[in-house]
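Look for chain A in each of the two complexes below; its partner is chain B in the first and chain C in the second.
Then we have the complex of A and B:
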């Protein structure tokens, strides 16, 4: 059965890499790096969708005061605020994790090359980058909470 | 264009957008959040030319970064000569459409041609 072979040395966690897109999509068993991979793509797509919606939303200013107020009435709701808090979280995660990736691509924080020894733990996926991923998630959660506090008038 | 050049543009637009979006968000904090979204406040923002210019630059940077990101995600899912061309040109067309639509709002609101 594809994807369930026991041959070692191929794919993460000793699994054969024959699962296709489903195998690539499965975040289990590959550590926080695979989770970050998915969060980066999902947050990117979410932000692109929000960006296009925001361009359309702000174009209502051309309809004059009535059109703008009508648009505000549909977006300035509890659901709208919660959605915006999710967008803030996605934005902060995408930014912080993106900076981590840029540094990694530039060779920063990926460690020195060394002979691959059993259990073949990738040197490029060391503690520094793991801390970077967890920090991005914590920062995103904190920014979302702060955004909610501002939008619901708890913070000015 | 070489993929390495495209990735440099991707990173450059990301860094530029982070700095400018931070200014855009901070503008909301110059007054109470809900007050900053009132009609007069938003029109005043658009008619302040340096801010309108900032919005235009953000629009261009985020459109390039966003649609190139979408292109990369779609090319990871499937490959093939025709598919890759369709995805690349499709993303390019969508990018230009969003820039044109957003620019129209910025230019018309800045010029005061609001109904």
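Then we have the complex of A and C:
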């Protein structure tokens, strides 16, 4: 192989050098699209955890009225309100960004193939998708804040 | 020094003052009987405005430590040999000027998601296997037996060519596979490089292997593992935009494209 400084061929490859969970979950270095990917995974896991917790919470109705009231009281705390606001944010982001992803996965808004010109800005990472990502984040933040205002009694 | 022979404007061009950067080279030799543990060798290298990361590594190889293992050939972003992590991001060493990194320390490591052969050299068997797996050639009317013969050559309009020519620029450097978050945890994933090539042939009006190719990528470690993070397209040094190819390909599978 011209110019190769490596001893031997590739057959002797050793350490697998996979990025692993750290490589998958690190949102840095690849722009807002990678941050959106990370938020999507995080919010998906968060919503799954909330779903399980919600089933547990509502199952308390089987303990009768007293049991139900007792459970509700634990959610009517500052921590409970903040947690719910986070859930609202996750839900809104996951939905809005999910719509963007579904459209993208169908080949919509990813641009048309064309001879690329240097410096090769990828069309699939164009303004339409960036706007979609930023809007999802803003919507999620706004919904969380509205939720907090309602739960803390600022809005009726 | 006399500037005899230089054109007037060239003679007047200010030569950038050279500076020194710290080059950290990842070192490991899995074949080493002593266990081949990993470390970094650190070197001070002089750089000019035009010095590439590959130039700097070769400087170290020539003057300081000839045992540094690095793979390269064309030195002009054409052969796809010199991919590596440069300050944490997959790039071609021959296509990355140290000046553009804007850092006083340059760290070079083997690309992630590829097995390490030695130092900066990684094994490409999986990449090539996945590439071959998607039948990267125009399938003739006779089926999957191979590329069409001369008798089957079909004319193509410029518009038909435009639909895939961008994807023909792939140099199989593997940067996209290294940046992909799915590849980080799923070594069986077919990967953005091969999927982009699947699109390149599926979109080719001369190709008769579309159904077969779509079937190949429509499996558990196939196209559906892509979550459109887009990192592959951001690191591609040839403007291939694998993320676009993959989403367009999915359009065929979902019936949105004909």
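Basically, the second predicted complex is superposed on the first by the 130 of 156 C-alpha atoms of A that agree within 3 Å, B and C clash if a C-alpha of one lies under 4 Å from a C-alpha of the other, contacts with A are read in each partner's own complex, and residues count from 1 in each chain.
As a working rule, a residue touches a chain if its C-beta (ideal position, glycine included) is under 8 Å from a C-beta of that chain, and two chains touch if they have at least 3 such contacts.
Since the structure is predicted, the reported quantities are computational estimates derived from the model, not experimental observations.
Colleague: Check the residue A:29 against both partner chains and state whether it touches chain B (first), chain C (second), both, or neither.
Modeller: After superposing on A, A:29 lies in contact with chain C but is clear of chain B.
Colleague: If we overlay the two complexes on their shared chain A, which of chain B and chain C does A:21 touch? Say first, second, both or neither.
Modeller: After superposition on chain A, A:21 lies in contact with both partners, chain B and chain C.
Colleague: For A:115, using the defined touch cut-off, is the partner it touches chain B, chain C, both, or neither? Pick first, second, both or neither.
Modeller: After superposition on chain A, A:115 lies in contact with chain C alone.
Colleague: Looking at A:107 after the superposition, I want to know if it touches chain B, chain C, both of them or none. Which is it: first, second, both, neither?
Modeller: second
Colleague: Answer with first, second, both or neither: which of chain B and chain C does A:124 touch in the superposed model?
Modeller: It touches chain C, and chain B stays clear.
Colleague: Tell me which partner A:37 touches in the superposition: chain B (first), chain C (second), both or neither.
Modeller: Once the two structures are laid over each other on A, A:37 reaches chain C alone.
Colleague: According to the contact criterion defined above, which of chain B and chain C contacts more residues of chain A?
Modeller: When the residues of chain A touched by each partner are counted, C comes out ahead.
Colleague: Of all the chain A residues, which ones make contact with chain B and with chain C?
Modeller: On chain A, the overlap between the chain B and chain C contacts is residues 21.
Colleague: Which residues of chain A touch chain C once you look at their complex with the stated criterion?
Modeller: 1-8, 10-21, 23-25, 29-31, 33-34, 36-37, 40, 101, 104-108, 110-111, 113-118, 120, 122-125, 129
Colleague: Using the touch definition from the top, list the residues of chain B that touch chain A in their complex.
Modeller: Where chain B meets chain A, its residues are 11, 14, 18, 21, 32-34, 37, 39, 42-43, 46, 59, 62-63, 66-67, 69-70, 73, 77, 98, 101-102, 104-105, 108-109, 113-115.
Colleague: For the complex, which residues does chain C have touching chain A?
Modeller: Chain C reaches chain A through residues 28, 30-31, 36, 38, 61, 66, 68-73, 75, 81, 88-89, 110-119, 121-125, 162-167, 169, 179, 181-185, 187, 203, 227-231, 233-241, 243-245, 247-248, 250-251, 254, 256-257.
Colleague: Mind pulling up the chain A residues that touch chain B in the complex?
Modeller: 21, 41, 44-45, 47-48, 51-52, 55-56, 58-59, 61-65, 67-69, 72, 76, 91, 95, 98, 102, 150-151, 153, 156
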